[in-house]
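Structure record follows, encoded as structure tokens.
Per-chain numbering from 1; labels A, B, C and D assigned in written order.
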Amino acid sequence: MTTESKTLTRELLAEFLGTCVLILIGAGVVAQTVLSKGANGGQVTINIAWGLGVVMGCYVSAGVSGAHLNQALSIALAVHRGIPWRKVVQYSLAQTLGAFVAAAIVFVTYHEAFAAFDGGVRQVLGPQGTAGIFATYPQAFLSTFPGGVIDQVVGTAILVGVIFGISDARHGVPSGLGPVVVGLLVVAIGMSFGFNAGYAINPARDFGPRLFTAVAGWGAEVFRAGNAWWWVPIVAPIVGGTLGGWLYDACLRER
Amino acid sequence: MTTESKTLTRELLAEFLGTCVLILIGAGVVAQTVLSKGANGGQVTINIAWGLGVVMGCYVSAGVSGAHLNQALSIALAVHRGIPWRKVVQYSLAQTLGAFVAAAIVFVTYHEAFAAFDGGVRQVLGPQGTAGIFATYPQAFLSTFPGGVIDQVVGTAILVGVIFGISDARHGVPSGLGPVVVGLLVVAIGMSFGFNAGYAINPARDFGPRLFTAVAGWGAEVFRAGNAWWWVPIVAPIVGGTLGGWLYDACLRER
Amino acid sequence: MTTESKTLTRELLAEFLGTCVLILIGAGVVAQTVLSKGANGGQVTINIAWGLGVVMGCYVSAGVSGAHLNQALSIALAVHRGIPWRKVVQYSLAQTLGAFVAAAIVFVTYHEAFAAFDGGVRQVLGPQGTAGIFATYPQAFLSTFPGGVIDQVVGTAILVGVIFGISDARHGVPSGLGPVVVGLLVVAIGMSFGFNAGYAINPARDFGPRLFTAVAGWGAEVFRAGNAWWWVPIVAPIVGGTLGGWLYDACLRER
Amino acid sequence: MTTESKTLTRELLAEFLGTCVLILIGAGVVAQTVLSKGANGGQVTINIAWGLGVVMGCYVSAGVSGAHLNQALSIALAVHRGIPWRKVVQYSLAQTLGAFVAAAIVFVTYHEAFAAFDGGVRQVLGPQGTAGIFATYPQAFLSTFPGGVIDQVVGTAILVGVIFGISDARHGVPSGLGPVVVGLLVVAIGMSFGFNAGYAINPARDFGPRLFTAVAGWGAEVFRAGNAWWWVPIVAPIVGGTLGGWLYDACLRER
């Protein structure tokens, strides 16, 4: 391989591994909470662990690929910071694949716990539903449009806008600690903008594991549930991330 | 524009954006907790998220405006550190506007959740009251004076006094991590001095969102409730912040 | 004043202010939890806020006095690091006074909440007891000796031993972040060694506020309760701190 | 002693002391939670305190021995980073001894609380079982193989793989703060992969305290319980740690 293609391969492996670690922790904490019926987890551990998932995902990728781990961020960086669109496509695939593989590992690790919980009959929603361990589903009161779209646009705008702030050299975050601060941001968003629809705010985080559930026993219902919710956490975060980055730059970027 | 007015504009945008992010997270976490009836949040997430709101608000403003995000701090810095009073007035408006806009965004994002919670009938207090998502209201046992005033003076004195300590070079906090430490301070105050009246300790944080509720369906009751509580989290934090800064300087400032 | 006495005065003011902030947060969180009957606090917030109290106490004193805030640490530093004993005595008084004043401020701030909770009849222990907001009392099953003494010796040995590690240059903690790490240590001890007797592990933290309760309405019972428990969190932490420091040095100090 | 043997002695003392501190906090938090019947602890404090135990264990050893505190990490470093196998054996003994001693200290400190809890009749499992304070036991639904082995392989692979990332200079973690980040990693794993079998992911952490319970009153049942579970948290973490390190290097190591 040329040096260039070697570099690219390693970047894609970093995005793959980083998103894999993110979803291992993230799907893991929801699995632990749901399957233990709340005995071994709850809202606090879910919010904290998703934040820590981001922290740990960054620490296996930041120095190599920049730790996007999220198409909404990759695209915002393409629009506002000029990273090449070709890289967005490549990263995007690596991210989704990492999330898919992580969902599979969580499922295998908790395989016997799943069986004990639902007797082997996989259900998407309801009291014995377990698809929400992997992907997000909206509350019953939430409309897809405008409710769900607004929810994901706002959440992702906060995510990407504040990440632009955290990585702005004027604020002086030591680069080796940026992942911890971004993790705290995800904790904050989860505690504040998680009620409507579980704060996907990341296409790969939602679509990769959803695809896994579709093929691993939950079936096509995962794409129909919540009034075909699945496309919202893909499309709306891309809009929101681009908007959040624009807002930050419009207000504060040095020109 | 001249360079000077460009700089000022950017500073005001930073205060606007920072306070907006603070209230997005802060009002967001209370909305999530109240509207989910405690299923998706509670005292721990409220205390942590308000602290994180400060952290994130700082990371979109610190390097530009100094991240006051609070008139009580701006005024203490004018009294004890000599920043110009004209700037206090300008920052003050930007902070209040940022808080107002954030309240509106939280309301829009959770619009359908509000409707599911109260059937569209906005109430200030009581079991279906939701005004406390945006602004603070005192406990029934608390007198406005002296109880409420003492509460806000003490809370804000701790806030500003310890911020003076955190930003004192002798203690060596890396400037890029100051926001995290200040966020921890807000977590601490919320866990310790939040029971009487919800630890506003910040005029903008309280008045901006309260104004929003007044015009967005809760009506003038938001200014009458709690024995016309609204002015306490404006006036008393200013007194407390100035006092706290004075105490720190009186004890420890190098002369 | 000579420069020397000016320096000493400022050091004592730093110890006073630092311990005051520690107890403001620490007594504050227990007050909030007890007086709200658990609605606004619990075990998690108590453990976290006591740790944050240490963090914040350090950030108003570390660069001036070294932030002992605890006689057990001052004495261990005299025994193992050679700070002068005269300073131990001076610091000790400043620490105790700071804790006393902080207890008074917490009491004043929550004065109306106390009245709403117990109708103005101050009780030490029992369902309406509130003395535990300020000082520690042992569980019913705990003997004073050996149970209580072991508890405080072990807890303080861990505290001081690990602080020696945190401040050991070989471990490389940035000095401006040492307070955060020490705060995490206090969180850890509170979660692990807090059940027997409330982890005083600090004479000033316990005696100053206990003295306040004795004169502020709870009476001499605060010295009789728990089989005259009051001396244990004074004497045993001093033994434990000295032991912990010795253990660290015996194992790891470079010679 | 020669300088070399002096250095080795100090390294072994560091591993001993570090693992001792880890288990003091870790066994302590479970003791506090179980013996207080959940009044003074719960899932959140258990997850946080085990993470903090690692942090504090590192701060009494990192600069001297490298703070392995875990054979799974020592072995992964031998396989992938070339530390000598002789050192693995020596560290391994020091780690296990440290964990054993810590278990004894926790038992002594909570001796009267144990008596109040179970009347002096030590039981391994069941409602009055207390062996789980010290060592891990699997859920009833979990098979030893493959379920338990997969659980420990996956958990330890995440632990060691991400530690390889955290200590990779490209990610820029300041070395003095590495322990805090590793502690957060342990918090994350505990929240996500703790349900099946209590996330031992460390032979010394599990075997040392289990041995203590065997000789301190719980008897040989601690080796029979859970279908002779005891060997799984010894063997599987070694496999998982080696695998996790390999995965990180295979994906990201510079060649």
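Basically, contacts are C-beta pairs under 8 Å (C-beta built on N, C-alpha and C of every residue); 3 or more make two chains touch, one makes a residue touch a chain.
Remember, predicted model here, so these are calculated numbers, not experimental data.
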item	value
Rotation in the CA alignment of subunit C with subunit D, degrees, nearest 5	90
Same-residue or different-residue interface between subunit B and subunit C, half as cut-off	different
Inter-chain centre distance, subunit B versus subunit C - centres from mean C-alpha coordinates, in Å	29
Distance between chain centroids, defined by C-alpha means - subunit B, subunit D (Å)	42
Subunit D, residues touching no fewer than two other chains	44, 174, 177
Interface residues, subunit D side, partner subunit C - complex	10, 13-14, 16-17, 21, 24-29, 31-32, 35-36, 39-42, 44-45, 48-49, 52-53, 55-56, 58-64, 105, 108-113, 115-116, 174-177, 179-180, 183
Parts of subunit A lying in touch with subunit B, wherever the complex brings them together	43-44, 47, 139, 141-143, 147, 150-151, 154, 158, 161-162, 164-166, 168-174, 177, 181, 184-185, 187-189, 191-196, 247-248, 251-252
